[in-house]
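Input: one structure, supplied below.
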Amino acid sequence: MNGNRFGRLFQVTTYGESHGDAMGVTVSGCPAGLELDEDDVQAELDRRKPGQSMITTSRGEPDAVSINSGVQDGYTTGTPIGMVIENKDARSGKYEPYVTAPRPSHGDFTYSAKFGTRNWGGGGRSSARETVNWVAAGAVAKKILETRDVRVKAHVNQIGDVEAPEVGFEQMLEHTEENPVRCADPETAEEMRELIDEYQEAGDSIGGSIYFEIRGVPRGLGAPRFDSVPSRLGQAMMSIPATTAFEFGLGREAREWTGKNRNEDWEFSSDGDPIPEGNKHGGLQGGITTGQPIYGEITWHAPTSIPKKQQTVDWETGEEKEIQVVGRHDPVLPPRAVPVVEAMLNLTILDFMLLGGRINPDRLDDDPGEYDTDYHPSSPDNE
Amino acid sequence: MNGNRFGRLFQVTTYGESHGDAMGVTVSGCPAGLELDEDDVQAELDRRKPGQSMITTSRGEPDAVSINSGVQDGYTTGTPIGMVIENKDARSGKYEPYVTAPRPSHGDFTYSAKFGTRNWGGGGRSSARETVNWVAAGAVAKKILETRDVRVKAHVNQIGDVEAPEVGFEQMLEHTEENPVRCADPETAEEMRELIDEYQEAGDSIGGSIYFEIRGVPRGLGAPRFDSVPSRLGQAMMSIPATTAFEFGLGREAREWTGKNRNEDWEFSSDGDPIPEGNKHGGLQGGITTGQPIYGEITWHAPTSIPKKQQTVDWETGEEKEIQVVGRHDPVLPPRAVPVVEAMLNLTILDFMLLGGRINPDRLDDDPGEYDTDYHPSSPDNE
Amino acid sequence: MNGNRFGRLFQVTTYGESHGDAMGVTVSGCPAGLELDEDDVQAELDRRKPGQSMITTSRGEPDAVSINSGVQDGYTTGTPIGMVIENKDARSGKYEPYVTAPRPSHGDFTYSAKFGTRNWGGGGRSSARETVNWVAAGAVAKKILETRDVRVKAHVNQIGDVEAPEVGFEQMLEHTEENPVRCADPETAEEMRELIDEYQEAGDSIGGSIYFEIRGVPRGLGAPRFDSVPSRLGQAMMSIPATTAFEFGLGREAREWTGKNRNEDWEFSSDGDPIPEGNKHGGLQGGITTGQPIYGEITWHAPTSIPKKQQTVDWETGEEKEIQVVGRHDPVLPPRAVPVVEAMLNLTILDFMLLGGRINPDRLDDDPGEYDTDYHPSSPDNE
Amino acid sequence: MNGNRFGRLFQVTTYGESHGDAMGVTVSGCPAGLELDEDDVQAELDRRKPGQSMITTSRGEPDAVSINSGVQDGYTTGTPIGMVIENKDARSGKYEPYVTAPRPSHGDFTYSAKFGTRNWGGGGRSSARETVNWVAAGAVAKKILETRDVRVKAHVNQIGDVEAPEVGFEQMLEHTEENPVRCADPETAEEMRELIDEYQEAGDSIGGSIYFEIRGVPRGLGAPRFDSVPSRLGQAMMSIPATTAFEFGLGREAREWTGKNRNEDWEFSSDGDPIPEGNKHGGLQGGITTGQPIYGEITWHAPTSIPKKQQTVDWETGEEKEIQVVGRHDPVLPPRAVPVVEAMLNLTILDFMLLGGRINPDRLDDDPGEYDTDYHPSSPDNE
């Protein structure tokens, strides 16, 4: 409603501005009995962290997470998990010139139009810094999904006009994190890197895209019509800052396919279950999972923070003026967005599994009649 | 949650199956004082109605709407508007062969996987017949938006490989409804029509896309992060049956644009307000409206109901079998989806205007201190 | 949000005014596989129906329900159940004098203050006629709860100063429906009846209360803090028109009890489970069910429609005037509210059972891996 | 849904356990432009703080709040306000004996029944310590309501059988905070204090109640039927730990009043508006505010933590055993619950004012067309 919440049963609530004291996220609805500690979350945050390479902003944030609640003796308790990540390297002074003169193509003007005020430090709430919260929450979701063998992976499949060849899921798992571009094809990664460097040196930035795949999702998930899997993925992916397109299955190209070519006959799997003969449908039919991998693509426009001098206007003084965005910024977004995409996919899929009864919303153990169990004994004897 | 609700303050709840007794939609949150009668709704339903031309299904539904509540003496009362559209021409018998043998690429199997049952008549709840409810609700939203000069229009911009040239908003308003393809460029419409006929004669079907534009939206609408305008449009558009891609602004092509080329300087409008020099941003920055037109594209895959013989399996008998989908079906989806897209856009934008305080959620008149007014006097004297 | 929806997973949406065309309710989230037909719903509606005896309004409504969707071949499909109940005996003319002169202690003025309009026919949306929707939805919930041996019963335990003695659950089941007052103690019922007659003859009305009990609720239901069982029951019961108090367990009297007297030791049940030695806690500890019966009381003020001449003011003319409420009205509310209370209790408890994973939200059968089953074969062969 | 959220537009999300690291609350939906700092929140927290007198627990919590986001240069920005209150004086060791043996009449068993685990430290999430979050959020709501002259006040009107006489609103404002019992009648406060001392010395505890009143609420607030003001107050009040009854207006006594005696004629106010001649209706008719003060009562049972030896059973060992609850606990709940009740009332009423359009959800300033204003200039020049 106010935009700071995601998820129906696995509920994520966030706060924080780029240059405020801290970012924070509350995860309500995590089943009890999950083994979880700060390292699990930190590992994902480290993947998103700024300053990892030359192609990311040099802002020096350790992004250290504190879990304030919801975990006892190393296991979740079923009550909300409150997490805080302090902002250590905010340098708001750099943004002073733009207080009443919006930066070109940023959210400066629109946030002021909405709130009638100006949260000027580093973009305030509109900053992509917010996604640190999503990655923290997604880390919890990921751990639960791992217990059900659901796996999510994304990689950068295009930067500018450099496009990666099709890669397999195992290849994505193996190679994506090996290079700063996060492209699972090492040769393309190298080309992408060169292209990015070129734009960065020219004081410019460039767009790109991410391909994702989700494996192991059980059939029968999704709540058509308005909460179908495509609907919720659409919402989730278009929530990511600077995205301009979401596609699944054949995506945009589907417009040129005929029914005969796209339709897939049903056959029996080795288990005797009906399965489609292919997966041009992208794992989703009628908005519900078929059990086949869900895959798709998301597009990012080029970062709007570029060192080039640009024109703006000052709404206080009524003057036109030249602006030069300083600060520390990424020349391209998808490489750092890979863990963000994965986080949002994990959150979305887990929510469907809780809704669909695949996971007991109260606890990982499926028997709702038990009032205690052995495998997560939150007792002093365990310490 | 269960997928049958859309909207936060302008709340739409729907029910109905393709071959059930009736479709129904409840609109809760319509402000009081709107002039509304069944003709307003019927006009939109007639645009979506089957059997309008050779390229749509010949199912003979009058789609006559009854308003059961929420309107008194020709004005809305602020209480929920219940609408019912009876199903008159359901012929379930035709679907008997597929009861336990799913049709290729339909939602038959996935719905059964979700619910553990088989709603076999005409696709049941998975049918696009559901969108009659959305168009009815959207008609109410449209009437409210008209009072605020917000205008929504969509047209078919591509069928197969036949692509329309760029068209202006006024051209869309003028020409879209003139041809059965609903393409605002008459020449392209003709070409599209020929292509569709070709596929239909070949017992095949074809994909396509719709371009939309929203004009007059005030700046400052949207609730980032998870309820930003792109997020909610993403959810709304991907809820439409058979869609596989949602794009706004530069969409998928943004991946190849540089920051220098995409960024837009700020200048002063004639009113002295900051406005961007162009609209490559698609009316949205930081997920919030700039006041510029919002535009984008949605892709549909080809209809899955084709007369070709296809292979399927029967999960009761364990046998493979041949299937031939009879029934009455569209050879292409976008032409009839135009009013559906417009309805969902109207619903989404209105919801933001109610949330953002642009429209008083209780009444169209903005003064919350009044307990009665003259301009919608629901009294017997007025009859 | 707009007040026309109840429930989180078992979602009820309603519409309708006292003198509109029809009342309607959509039940979204009913699991598939429940045997259900219109008779199941009608049986409950008949219990609430006006004109059952001298102590209820003589409005002649058959309250015949039509199920428009969500049921196929006698079983629910898991998709939304749309129900419509037509208004047959609305006589708005009687209300004309009060169009701009509010009736004393009704919702006439406040509805106008909210909506800036005047839905003058029989109280419009503020009428208790709305509860026909709740009873219809509750009938569906009741059928599901019966499959889990959860039983809800209410009876009138006080009218004016006539108070019933404590009665057992079986006595409530056996005797409540035997008399028009719906008091499970036949002698008290007689006294209540006399008291009501007395007030009715005097052109007056009187308040009263209902005692309820819920048996068979599993332990561990409830979502503290804001969705605890007491919170949700509080919301549900205070939604019922004309209620002024909700109590559970010791209720209002708890203020005079000491901890020593109220606390209950734990002992082992015959099954070896911990159970409290008594049930002064009313089945709820820390907002969650203990497995003991949940019980409580709700109070209604006297009906505000009385034939006495009263004073009001006309906000159009600015004149004071005398008013005499004609129309057909109940001299006391609890007798007809018994099925309403039961309905809301059924809806509330079922929602918790769906949330807590006791019932699979998609289907009654608990195995989420199956895509079809035998016991609710929605196929043409079954007809 | 999971119970950790309250409010529709003014959204409160909480986390924290009695003996965890910190309590936390996120307030999403606070309009921009409100002057706010930590002192505003701290002032309310100090009223609720433990250890204020002999009749409250001696747990030594400073309850110091940190605002992590949502405030810039002393004004709210419209983005979520994240607040954290560290737990400094948790002593879980004291609770070791009860890990698998539930304390009588606490939430120990029911929480374990729900989550299948045992959050044993000090009651974990079931502890009333959670209400520190509510008071923090309520402090923000209170500041907004003050800008609209809406005032909320509560006082303890009964402890055991000691009942306060009726007091006026100004008396409540003046005297409530003068004594540790928080009764606005000084003499009764003294009597209550003696009674409490007596029970405390006897190793016992006692129940009590709170009377509240809300002044200045505009007419026309409330969203019948399920989100009427009584419904939402019912939910809010029954969410407070250990409450067993909620009443408004004549409350439970309404059952003995006749319609003639309770009905209130309409007359004209000095402003020429219709007003009821009295306020037996408690400020609410048809679930919507009349503009008259809203008042009611809430009952608490006696604290369940008493030093008396009690019987329990150990579900691990299967043994019956004696238990003696140590720890630091209140002998009576209402005195410390006064700020909690006020907080929940402020949150509830503010939410209705945002929903009803009385306050722009985006900003305190009502003009939605402005993109900046002078009175809350979040700019460096202002520092």
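Note that the chains are named A, B, C and D in the order they appear, and that numbering of residues resets to 1 at the start of each chain.
The criterion applied here is as follows: contacts are C-beta pairs under 8 Å (C-beta built on N, C-alpha and C of every residue); 3 or more make two chains touch, one makes a residue touch a chain.
Remember, predicted model here, so these are calculated numbers, not experimental data.
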If you walk from chain to touching chain, how few steps can bring you from chain A to chain D? 1
Taking mean CA positions as centres, which chain lies farthest from chain C? A
Check: interface with higher C-beta contact count, C-D vs B-D, is C-D
Using the average of all C-alpha atoms in each chain as its centre, how far is it in Å between chain B and chain C? 36
Gap in Å, rounded to a whole number, between the CA centres of chain D and chain C: 27
Separation of mean Cα positions, chain D and chain B [Å, integer]: 44
Residues of chain D engaged with two or more neighbouring chains: 1-5, 8, 14, 109, 113-115, 125, 219-220, 273-274, 315, 355-356, 361-362, 371
Considering the complex alone, what residue numbers of chain B touch chain C? 1-5, 8-9, 11, 13-17, 20-24, 26, 28-29, 32-33, 66-70, 72, 75, 77-82, 84, 92-93, 96, 99-100, 109, 112-121, 124-125, 315-316, 361-363, 365, 367, 370-373, 376-381
Report the residues of chain B in contact with chain A in the complex, numbered from low to high. 1-6, 8, 14, 101-102, 104-111, 113-115, 123, 125-126, 130, 158-161, 199, 203-209, 219-228, 230-239, 241, 243-252, 254-260, 262-268, 272-274, 276-277, 281-282, 284-291, 297, 299-306, 308, 310-313, 315, 318, 320, 355-356
Enumerate the contact residues on chain A facing chain C in the complex. 218-220, 273-274, 355-358, 360-362, 366, 368-369, 371
